[in-house]
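Labels A, B, C and D are assigned to the chains in the order they are written; within every chain, residues are numbered from 1.
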Amino acid sequence: MATVQTPLAADRPGEMTAAAFAHTRAMTRALCEPLETEDYVVQSMPDASPVKWHLAHTSWFFEQFILKPTLRGYPVLDPKYEYLFNSYYQAVGPLYQRPARGLLTRPTVKEIFRYRDHVDEHMTELLSRRADDPQINMLTTLGVNHEQQHQELILTDLKHAFSRNPLQPTYRAKSTTVAAGVAGPMRFQNFDGGVREIGAESGTENAGFCFDNELPRHRVLVEPYALGDRLVTNAEYLEFVRDGGYRRPEFWLSDGWNTVTAEGWIHPFYWDDSQTREFTLAGPQDIDPAAPVSHLSFYEADAFARWAGARLPTEAEWELAAACLPVAGNLLDLSRLHPESPSDAGMTQMFGDVWEWTASPYIGYPGYRTLPGALGEYNGKFMSNQWVLRGGSCVTPASHIRASYRNFFPAHARWQFSGLRLARQL
Amino acid sequence: MATVQTPLAADRPGEMTAAAFAHTRAMTRALCEPLETEDYVVQSMPDASPVKWHLAHTSWFFEQFILKPTLRGYPVLDPKYEYLFNSYYQAVGPLYQRPARGLLTRPTVKEIFRYRDHVDEHMTELLSRRADDPQINMLTTLGVNHEQQHQELILTDLKHAFSRNPLQPTYRAKSTTVAAGVAGPMRFQNFDGGVREIGAESGTENAGFCFDNELPRHRVLVEPYALGDRLVTNAEYLEFVRDGGYRRPEFWLSDGWNTVTAEGWIHPFYWDDSQTREFTLAGPQDIDPAAPVSHLSFYEADAFARWAGARLPTEAEWELAAACLPVAGNLLDLSRLHPESPSDAGMTQMFGDVWEWTASPYIGYPGYRTLPGALGEYNGKFMSNQWVLRGGSCVTPASHIRASYRNFFPAHARWQFSGLRLARQL
Amino acid sequence: MATVQTPLAADRPGEMTAAAFAHTRAMTRALCEPLETEDYVVQSMPDASPVKWHLAHTSWFFEQFILKPTLRGYPVLDPKYEYLFNSYYQAVGPLYQRPARGLLTRPTVKEIFRYRDHVDEHMTELLSRRADDPQINMLTTLGVNHEQQHQELILTDLKHAFSRNPLQPTYRAKSTTVAAGVAGPMRFQNFDGGVREIGAESGTENAGFCFDNELPRHRVLVEPYALGDRLVTNAEYLEFVRDGGYRRPEFWLSDGWNTVTAEGWIHPFYWDDSQTREFTLAGPQDIDPAAPVSHLSFYEADAFARWAGARLPTEAEWELAAACLPVAGNLLDLSRLHPESPSDAGMTQMFGDVWEWTASPYIGYPGYRTLPGALGEYNGKFMSNQWVLRGGSCVTPASHIRASYRNFFPAHARWQFSGLRLARQL
Amino acid sequence: MATVQTPLAADRPGEMTAAAFAHTRAMTRALCEPLETEDYVVQSMPDASPVKWHLAHTSWFFEQFILKPTLRGYPVLDPKYEYLFNSYYQAVGPLYQRPARGLLTRPTVKEIFRYRDHVDEHMTELLSRRADDPQINMLTTLGVNHEQQHQELILTDLKHAFSRNPLQPTYRAKSTTVAAGVAGPMRFQNFDGGVREIGAESGTENAGFCFDNELPRHRVLVEPYALGDRLVTNAEYLEFVRDGGYRRPEFWLSDGWNTVTAEGWIHPFYWDDSQTREFTLAGPQDIDPAAPVSHLSFYEADAFARWAGARLPTEAEWELAAACLPVAGNLLDLSRLHPESPSDAGMTQMFGDVWEWTASPYIGYPGYRTLPGALGEYNGKFMSNQWVLRGGSCVTPASHIRASYRNFFPAHARWQFSGLRLARQL
């Protein structure tokens, strides 16, 4: 979790924090607009959570870590919420069992929005009254970034729940302006090796917010390498499928092959068996050959790379290539909600479209330290048996992503917008 | 499932059927009045179903077995409902997987009520136009009885879902008029043996509706026996618990002991560990010592009987004792929604309060035959690894129960209102 | 478990008991002759046990229930054996976990045979010294019958273990004298109904040994019925398979259909997919069309009967038909070790060849009582979720079977020699 | 898997290879001397294999990869062995299911030793006839190293199987010369940072055998660090246990905490609950406080390090510290078969005693390539969800281990001799 940094190098950090808070909280509500009450309730698999729960848990975070310790006389709305909406902070108290989140018909959606209102009112008051308190600003910025992560999860979890319903509901109809795109041939762009630095800047004037797992900035040694100048497309992935990719063990890690066999995987997660249609937030749609392949597990990304005679980039290679690029692309702010074909030349699609699996297991950087207390559980304790993904996706808020951002999921996870870019040793 | 019988020995069977249909459909709606939209969605365990699903499935039954085959030009509201709301009729088509019923956020509750309206309108029209068609009357009566079974399940499934929520919601507040009762000492009443008849009357003037599993009426041989004149109470069961009942294998069937050990059972399902409070449809309440113990598995009922030096009655013994009694007691129509202490003298509590586990495995009577077609799947295919329960419970509609009625559940099931009455050989 | 009866109405019961003891113990050893040391060790599924364990457990039985309580100064060979070789007698002490029986490389086979020698010596001494003690004779007879049950299990468990080995080992080569047989058309033989008696005779001069679950002899009411005059053959069962028997849910109990689907059953247990070969104790062999079909679950037997327009007999119907027949047939004493085509006219194959699934769930007879103490656990505690089988199989010792004998297995069990005979209502 | 290198920089590589082959094969037999036939058969958990299987599989390796492709007219002993004793080489053909290895009573132990003789004879002949063939020498060296890995597994798998037996058998009695030791205070020794090289030397005159996962030798960047000069002891670990180590989530990775909770871990694998005794290959023994703690999972090693205010070393840190040390310690050749207290000063116990968990996930080195064909499956396909261990244990052959050696196991594995050494950032 975040270390204490001046959140934005501005004259009035408090105002900017309050604005970010208001914007983010409103954005979450906006994401719920297309939903029926019933859509908030369901947990379609243990990894996912009901929308209701996301709405409550993000409010709980502000209440638990800011309002309760900071605002004297803060009136707790319901003391049971502390237990119900704690996700995994062992230091806060006992946990409501994760796979049973979908059983909570009460509090109702209406009551949870009332809870949000309650937290919003008190947070707004606090932020206006103590606009200069750097600790409150830091924690609020952390809470905002935390809520942005849940904005992405609200959409990926809804997509999963809708996909399981034989009625195949639509979250939002496809924009009529989206035309099937074109993807030129993939070119490999070369990068120098050497001892370089990665990780977020900390303690300098330019440093914005970052999570603790992006720290400390540290030296790494990389050898010369090349990266594909765009993401792997559906068309390219289909070639792999047609070449027997899912039936040939030579491309797969042993764990991956066991998973493919046990689960009966024969194509990416949301493709149908015809391999011409896929489930999207706009319901079932034709697969766009030029768009990036998405909803791959690490195993599939790794196997594809092997089949293609390449490999996945390490996270250092990716970050060094991204460090000089502007943070722009098909992100949540564009409201496409689906990966699209590249529109530019050069190193494209580094931010947005799909999270890019890397070859790097998710562990702490040299010298990594967690914050004391419950917030120390935010990132560090998940540093085993997961892999780093980089770059954000079409449902990641633009203000949330950056070159040093480290996302992580287990190798078998497929319900996120996750794809790949190829790399090569030079 | 029902055989063709004059549904009610009345002058105008069609009118009576239409009235029963209207009454039952309205009753189901009435049961939903205390609910929030969210409460309709959840499936708290694979054996249970969401209220939404019960509402839709009972309508599906009328549509599938009456409207579609009978009403020319009947406009199907949504062809996918045939798949979504089929429970287990293999002959009708593929089945939507039972444990995933809780994933269906759509159709919404509103849409499902619209579906009910649609079916109600066409059924009402059909019943008025063809009031004399004995086949339609028979099938409608069957559908009514089917829906009554789901009325009971709506309440037991809601009770389960609410019990899993740490907020412990209340379905309906406890009636203030209910005082803790008194249960006198249990007395055993003797019954003669001999060759007797059990099963529903069929084909006679007095025969009302019955399910196929109550037929044929047939001869049985019973030896002289005695039955307790009331149900076993919470106080009596607590003695068993305090005597180490759940820790002493000598009282238990081997399967039961394995279940107790694996599941960690130490008291009835909805008791809390203090053994003074239990979860009810009115939320957590004090356990009434004089009320019948409820929510027992067959294993617990059987172990208690063994501990008490008695046994469970066979279903024939129970039915012969019940045959001459009026169908009256603490049933759904009283709206108590919880078992209560006996109020009368004589053989009490034979109907209502709790279903009574019998010593009889659920198999077909000699000469039992299923109906042809999908309706033949109603009862017969479940005749293995289940046990017969008799007498109805506090959530069984009074017009649904009778002396020959055979309910059945697996030996480990506990979420129904299920208790016991003792029996002895003479 | 056995009640106290004069074990054999003879002048010198002690001598006869001692002879039965010596014969049975020697027979068990003889069954082991074809085995390699390795063959004694393996447990190929949780329901089966290693041969070593059978050898030790049957000795433990004599030690636990006779030698320790009766023979003053009896020297226990190893006190840990009491724990290791207790099967399910909770009253004797804690249980070694059943599925881990195959982990016990020690005691070695040699040590277990030493254990048997030790028990045999002391039993022989006891039986000669106290030849007139009716209690010792009764318990020894019980131990002999217990060991005979394990003789059958040794063969069925070995068959299972060998079948799992890709080398498909042979227990004993097929006798060259066995020719493929002929089975005439099945004829139904009629039986009268009425109030009759079943169960073992007890307390009369003619009463031999019986298990407690065969008692008390009691009255039953049967309606007129007919039984097939021979077992259902492989050829007949193959017709069912070819008629889509395993793909048509209408023939199956719901539990059975779920099992067929989940397990992927498409033919009897030991048939191969060509449906022309089956695994036997003589290794893989051609399926004899005229021999009884074997290694069926209850579900398969029941589904076949339904397909054939018939049903399974109740255990009362079977016993009444068998009561007047001599106990003779293809039993262990013939050493065929495989079911064979019928050789006689009349009601054939009632004893031997395959155990016959009945339509009767396994519960206690009216008035059934268990023995006090640990021996009370022998039979009674298994009276749930199992079905009665009658008549013995080709691996049942002839002196072990009788008309009143009740065997029982869960509905899905297939590794015993189990088949069926058809029945019909008249 | 191994790359082609001059196996030993000697004048007569063929003779040395033949000698290593003969020595290793004899050593494996010697390890079996204390065993009874029954001990060869059992598979006590899916991760372990029966000794029989280890004996056969190591012979299969020579047959499959050397004799069949190289020795014209090589007479295969049994063609089914190719299927039965293939471990995980998908390219060789279908796999016999791993968890069923314990079901194979046949081939018998005697037959498997005959198989070993057969392979030994033909290998010896081949090695003498074609002593100069570098490919044969390389593959033989690989087979020798492969067999050494299985020597270690034979002992750890036997330990597991014996530990599960309530009789607690002894593999070999404890040497009477082993006295309880002393471990001085742990001192941290400092190491410089910088760009350094790790991995096996390849293609130089000094290069001996290595596995493919030790290649290529490559540059790494390390920052200054310190390592404990001895392994963590039982006494130190006991302090962690007594300080509530297993009950305090703050020390644990999230996966680790879930495992601790689900499995009920409260101490190292082979300790008993008194925490004074542990199971060893010499049967149950007092825990030596000064000996290294062993049979830890990665999760426990990591949690202990966190509790101790330190961390685990990376594999690069470990290798750089070990590179200049002689390969000596409590290894299999000493026949202690149990970790012991340190006997020297300086950086002790780097080789032998227990495998040391590192902080490094097991992935390929930059530029890592697998061999073509089936041998390419040896190491590379396991590069996910495992962690690197370094240094060998008390059951690792001395000629098998080296500074660059990379062992790997999943984070929850505990049945290997696995412990830890502390590290710190400077």
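FYI, a residue touches a chain if its C-beta (ideal position, glycine included) is under 8 Å from a C-beta of that chain, and two chains touch if they have at least 3 such contacts.
Given the structure is predicted, the values throughout are model-derived calculations rather than measurements.
Taking each chain's centre as the mean of its C-alpha atoms, the one that lies farthest from the centre of chain A is C. One inter-chain figure worth recording: chain A and chain B are separated by 47 Å, centre to centre, where each centre is the mean of the chain's CA atoms.
Spacing of chain A relative to chain C, judged by their CA centroids, is 61 angstrom.
Each chain gets a centre from the mean of its Cα atoms; for chain B and chain C, those two points are 38 Å apart.
Annotation for chain D: no residues touch 2 or more other chains. In summary, the structure contains touching chain pairs A-B, A-D, B-C, C-D.
Those residues of chain D whose C-beta lies close enough to touch chain A in the complex are 88, 90-91, 195, 218-221, 223, 249-250, 252-257, 298-299, 359, 361, 363, 366-367, 376, 381-385, 411, 425.
Of all residues in chain B, only 36-42, 44, 52, 80, 83-84, 96, 100, 102-109, 161-162, 164-167, 169 touch chain A in the complex they form.
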